[in-house]
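Read the structure below first, then the notes.
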Amino acid sequence: MLPYEDLGFAKVDHHRTLRKGFPEVIFGQGKSPDQIVAIAEALLQASDRFLVTKAAPEAAEAVQARISDATYDDQARIIAVDRRKEPNLVSGVVVVSGGTSDLSVASEAVLTAELMDCEVRRVDDVGVAGIHRLLDNLPVIQKARVVVAIAGMEGALPSVLGGLVRVPVIAVPTSVGYGANFGGLAALLAMLNSCAPGVTVVNIDNGFGAGYLAALIVNGSVK
Amino acid sequence: MLPYEDLGFAKVDHHRTLRKGFPEVIFGQGKSPDQIVAIAEALLQASDRFLVTKAAPEAAEAVQARISDATYDDQARIIAVDRRKEPNLVSGVVVVSGGTSDLSVASEAVLTAELMDCEVRRVDDVGVAGIHRLLDNLPVIQKARVVVAIAGMEGALPSVLGGLVRVPVIAVPTSVGYGANFGGLAALLAMLNSCAPGVTVVNIDNGFGAGYLAALIVNGSVK
Amino acid sequence: MLPYEDLGFAKVDHHRTLRKGFPEVIFGQGKSPDQIVAIAEALLQASDRFLVTKAAPEAAEAVQARISDATYDDQARIIAVDRRKEPNLVSGVVVVSGGTSDLSVASEAVLTAELMDCEVRRVDDVGVAGIHRLLDNLPVIQKARVVVAIAGMEGALPSVLGGLVRVPVIAVPTSVGYGANFGGLAALLAMLNSCAPGVTVVNIDNGFGAGYLAALIVNGSVK
Amino acid sequence: MLPYEDLGFAKVDHHRTLRKGFPEVIFGQGKSPDQIVAIAEALLQASDRFLVTKAAPEAAEAVQARISDATYDDQARIIAVDRRKEPNLVSGVVVVSGGTSDLSVASEAVLTAELMDCEVRRVDDVGVAGIHRLLDNLPVIQKARVVVAIAGMEGALPSVLGGLVRVPVIAVPTSVGYGANFGGLAALLAMLNSCAPGVTVVNIDNGFGAGYLAALIVNGSVK
Amino acid sequence: MLPYEDLGFAKVDHHRTLRKGFPEVIFGQGKSPDQIVAIAEALLQASDRFLVTKAAPEAAEAVQARISDATYDDQARIIAVDRRKEPNLVSGVVVVSGGTSDLSVASEAVLTAELMDCEVRRVDDVGVAGIHRLLDNLPVIQKARVVVAIAGMEGALPSVLGGLVRVPVIAVPTSVGYGANFGGLAALLAMLNSCAPGVTVVNIDNGFGAGYLAALIVNGSVK
Amino acid sequence: MLPYEDLGFAKVDHHRTLRKGFPEVIFGQGKSPDQIVAIAEALLQASDRFLVTKAAPEAAEAVQARISDATYDDQARIIAVDRRKEPNLVSGVVVVSGGTSDLSVASEAVLTAELMDCEVRRVDDVGVAGIHRLLDNLPVIQKARVVVAIAGMEGALPSVLGGLVRVPVIAVPTSVGYGANFGGLAALLAMLNSCAPGVTVVNIDNGFGAGYLAALIVNGSVK
Amino acid sequence: MLPYEDLGFAKVDHHRTLRKGFPEVIFGQGKSPDQIVAIAEALLQASDRFLVTKAAPEAAEAVQARISDATYDDQARIIAVDRRKEPNLVSGVVVVSGGTSDLSVASEAVLTAELMDCEVRRVDDVGVAGIHRLLDNLPVIQKARVVVAIAGMEGALPSVLGGLVRVPVIAVPTSVGYGANFGGLAALLAMLNSCAPGVTVVNIDNGFGAGYLAALIVNGSVK
Amino acid sequence: MLPYEDLGFAKVDHHRTLRKGFPEVIFGQGKSPDQIVAIAEALLQASDRFLVTKAAPEAAEAVQARISDATYDDQARIIAVDRRKEPNLVSGVVVVSGGTSDLSVASEAVLTAELMDCEVRRVDDVGVAGIHRLLDNLPVIQKARVVVAIAGMEGALPSVLGGLVRVPVIAVPTSVGYGANFGGLAALLAMLNSCAPGVTVVNIDNGFGAGYLAALIVNGSVK
């Protein structure tokens, strides 16, 4: 019998941790602050961690008013509660981003992976227009067991990285850009068509998804 | 001779109830509060019900100032007047939604079907990422004579339901999501390509259309 | 100094094995049979394996005329040469597909992963319209360390799987379908918007990319 | 325990009739004639009916070589086997099409509904450019309990019908047209945006889906 | 020698009236109020009429502060100056619109044609969902020498009209709608694919263009 | 009472000539040669003209085998029968095309207008890359009462013409081009966004529609 | 060894001037005022020029508060610092724009080229609807060694210019327009499909890119 | 007075060489072999060179039958006649391509530039998946005065090159790829959004346009 808790407007999936190894994560967009608070309180009864993505500042305030140890990262737009006791951190995740405008997505990926017991290295602002910055950081990147590669505009970073490392590259297109960028579509299509093997793609601006997957991969590889 | 009333800016279709079995429904977007009030007053002279969809709060206030028994559901964005006397309710409509962020569309469907003489059951937050919640509610859903299945993001809920029930499934894609969701396009295309037979689709966020169609189906099946 | 061999029309990347752990893979589309033969002969001087994807039968014949141990799988459209001696196979890859029409992409994924030292389990024709077939095979799938989920039409399979397993799910949209399928766009968008965490996506019909990535993940996790 | 039969390349869903009220229908595109024959033989062991959609003539020949009572309609591209004994036919389905070029989709809808125990009326070539033809046939159409409305090009037929009948209108966009038709996209979008309530939409050229749904609706309404 | 006046930021085309029969019309969007005032003052030195489309209220205020007989229609978003003396009006333009939400585009068409010496009849709110309203107004419409047909959502009105009149039908798609309307794309594509001959299309929400063309047609037909 | 003839698969609209001033025109694509022959024979019983557009050579052969005076223009892909006796031709239509690759669409426009009692002038291969060719032909073009402007690729011709003439310009985008032309979409969008007033647009490659509309305009203007 | 300076959130590419001949240019969108200030201060330690594009007024204020000689052009949305001493200006760049609404993009191109040692001529408001204005300015334009052609709506200006000059034409589509303009897509596609040889295209609204490229071309041609 | 020769179906632009510095180039697609022959014969009366792009083999045969020194490159699909006497070749054009499948477009660029008096260097198969091959060829590329960068799939090559050279980079997206490549759209969008300054883009597969522009740039820079 799989347990869930029915709040009326939501069915909180307490079984998620057993099934997936991590508690249910809340998608903050389109939910009221009150709804998020109620789900938070329900989930924290059965879990030592809590994560809301794409969360507005008002939702963060409402959660923090009720849950004193909740934190809010306004760049990543993440509300988190972390009650782990001496977590056993796994290394191997490296998050690489193309430009300063991509930092919010990179932070979303980093915070997610950290909450999933990863020790994360990050290498920011190494876009392909100045490729010496990327090559100069290769020693760090090539030690990764999985690379998260985040880029907007033409989205070329994952392809270049994919040719240089022998581990999975999780590509995250961002909506950074304008005009024929079409809200990240340009980078998304570029990444899906990467000529470098070992590259895979998540949704535009989905730093959470990339961080989550990276954690799954390194956690799987140490057990 | 088919009657309609010419208000100048609008031609109120008094004949609609005879022809369609339900009075004209007003699409609230792009109409001024004054226009909506005028149409409401004209329609209510010949009908015991009145419905405005996608209505802004200002329109609701204007209507309520003139029509004291008008109600407004701010989640569903529906203005309604219901002067039925002991309606003969028909059961069989079940409205199923994928996540908490889809509740506004679900409410639009529910309120519409209720105003069309249906008794509606609803099952919320049973998206496919925690499919045990859906399976756990199957006993309710399988009693339906028509299912309205509402989901954003990947829009997989109608396909899964379509494989489990022997009645029509009306799929409603919602604009919930971000990035490559493209305002609900992802869910819309998914639902149109459902591999489960018996699934049909209405416009993105069109809870009204789904509720209306569901009522037609169950009303037809009891007469 | 990174070595490559210049054939004039192509620069064969002999260094690829060192850098990526696997020799250069040839994209067969848009290359003449003669070009493919020449690249094959160059690559096999330094490698014990050789792989051409999206290869036409004429290319296969030309290769087989020169390289007697080359094989061709006409469903997967793969030309392969495998001269490994007692490879050390790693288990953990499970390839799941939605329907019989997806088999060619599934085979491309399976053959790729096998050539990369994986022992692959496959579970075919378990699309969501008959979800009991999928649930019945869960014991096999839940033993995976990575799941490749292949589906056309509405592309719901990866989302459902993503809710049921705790390992990475590599989603492969296929171009199977018609009408508003738009050559696989419907499934692609659905998979990118999956509400289940741990799902990532490769290009439409890119069984090779999924098999390659799956092999990277399980190989990484045993070392 | 839900039964299915594993053919290796396919898992035949014998339980479908119990669950859905109709046996599994085969999507013919992308399957080899041999595969279709094997599935047909498996399904007919447990069912009195068999249906393949989007079937090529070669598949029909292969099936007919093994199953002598199989029929093929080359306009509808349907392979069917019908071993019902004195089926109890239900009336109420009317299939309306806009032009002669839409006939293949109309036939697909008609044949599907007939195999699902419906007696179908059809009204062809009543597109909106000569609306008197449509109005002249209204007496037949208004007796329907569900209308299937099939049109290519601008796809206006369902909207006009939706304003004239009080029963569900299942709209089927066809790929008939050229230029900015974009393979049926124009008609699809028009139908999804119908201003007439009670209209719902299936995939482009999906006559099967419309016929199936229509049968569900009228069958539901007589029980 | 073709005259124009160089304002620095703009080259006012005084020759336009000779060449085109009507002075230059200003597209108000993206121009500052100051720029519009300066162009207005320059144009009115050589013309008895002046027209700005898609004009914001602030632009209207700025123009009216300098040009006392300038008028602003906030529904049509048109600034106009009309200094004609006893214009010789031509009849024959009928502007038909589908719904109350389309009125702003209809007004833009009407005001434009009126300023171009047309006497315009208008028939509003006769969308195809209540086709008796349209048929009831046919006597007026069939007297037209050109029909402007304005509709949002599925954009079916021009096709129905195109089947009923023997004069040109200028179709104007509007952005009225939501979801798969995609800002008027649905209506635009529908109109471009009209099966009724004699239908032509202008840009989404381009009431001005339709009114202008209608005036050209009826003016041509009286000279 | 509006007459039509029911052929079973088609309802021939004999009333069209009365209502529209021209008999029903047949869209050849998607109809079998036999169907076209049957419609032709029915229509010619009540009309002195007959027109099939987008007709394949096989259809032309079938028609010509039965109707000896039927002609086929393989560039325009038009089957026509013309039994007019001393038609009263109206001048004023000028068909202008951008390049030699657009000739088939131009011919479709010319033949259509000619069959509708127009005397047509044509000016071919005057695309904007060599604008002196266009300017050199202005004396002919400026005598027009309506201009049909046909262009593929960037579709700039109608805008340039629209700035030079005071009569309606009917723009026809063609599918001539490659790459980001997207089957004529580039030219279509350009024409819809023309900055020159008086320009209107028909479907991609729709020479018939442009010729028909041009004939309506000049015929209207002489009566 | 290629130098860059690591600010934590950014890696300032001091080597850019050597490699590219011009210091790193900052894309202002998506960066905080603080980040822009920090990058500015770092860059100006090694360069005599500094350029931020797509900069918000708040960013300009923050930069000007720290760097007293920084200027802000609110039409072009450019922050610039120019400490060149008697630069050796190169002539030959002519920037041509279609309408007053395109001025902001034109200014972005002009300012960029000027900062790159060009003397720029500009010709504004010469769109193709009044082509005499363009032809009247040909003497200036034909003296160019490179032309930047900026236009929104149908984007025809570069094609017309491309037929008249023998030097490169850099086309810049702008987002000016509405409806089927789709944010500049119409102009972009038109320009990519130009039938005039020698035309090339940059991103929508990318005045910077065009000015930069123009400067590269004329600088290359004098050395 | 600008001369052109009227062939009836075509107006041959003899003035083009004066105006543009190079004779008219023929777009072969959509023209019959006979038409191409006639244009060739007309053009060669006044020019020492002749070029047809996107030419089918049948057109080449027809031209060669009449013009004995015409050549055909079946990879580039170019028909050319070259009667220059000791042309003064200009160096500086380097054509770089990503993969063997891009060779046809690269050849089109090379042949075009060569016919325009350029000496061209080419560097093939240096896509970003093996970036050492690109870096190894930098000495050749950095000597260029203009770089043509050709790539399909993700189209990252121009961005990487744009960061490494100080001269214009003309990016050519190719249609090489499959799935979400959408006929070259992925590479096109990527290139338009390049974060490297100095990159500009021509149409998908438009090797001719890139070669032509490159020749203009280097020719301009030596005069």
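General remarks:
A, B, C, D, E, F, G and H label the chains in the order they appear, each numbered from 1.
Here, a residue touches a chain if its C-beta (ideal position, glycine included) is under 8 Å from a C-beta of that chain, and two chains touch if they have at least 3 such contacts.
Keep in mind the model is a prediction, meaning the values are calculated, not measured.
Looking at C-H alongside F-G, one finds more C-beta pairs in contact between the chains of F-G. With centres set at the average Cα position, the gap from chain B to chain C is 43 Å. The centroid of the Cα atoms in chain C and the matching centroid in chain E are 56 Å apart.
Computed from the mean C-alpha positions, the centre of chain A lies at a distance of 26 Å from the centre of chain C. Within chain H, contacts with two or more other chains are made by residues 27, 99, 129-130, 163-164, 179-181, 185, 188, 192-193, 195, 197, 203-204.
A complete list of chain pairs in contact reads A-B, A-C, A-G, A-H, B-C, B-D, B-E, C-D, C-H, D-E, D-F, E-F, E-G, F-G, F-H, G-H. On the side of chain F, the complex with chain H involves touching residues 99-103, 124-126, 129-130, 132-133, 136, 176, 178-181. Those residues of chain B that touch chain C in the shared complex are 98-99, 127-131, 153-156, 159-160, 162-164, 177, 179-182, 185-187, 189-197.
Those residues of chain D that touch chain B in the shared complex are 19-22, 25, 27, 145-146, 163-168, 170, 188, 192-193, 195, 197-204, 208-209, 212-213, 216-217, 220-223. The residues of chain B lying in touch with chain E in their complex are 2, 4, 8-11, 13, 15-16, 24, 27, 29-31, 35, 39, 54, 173, 175, 183-185, 188, 203-206.
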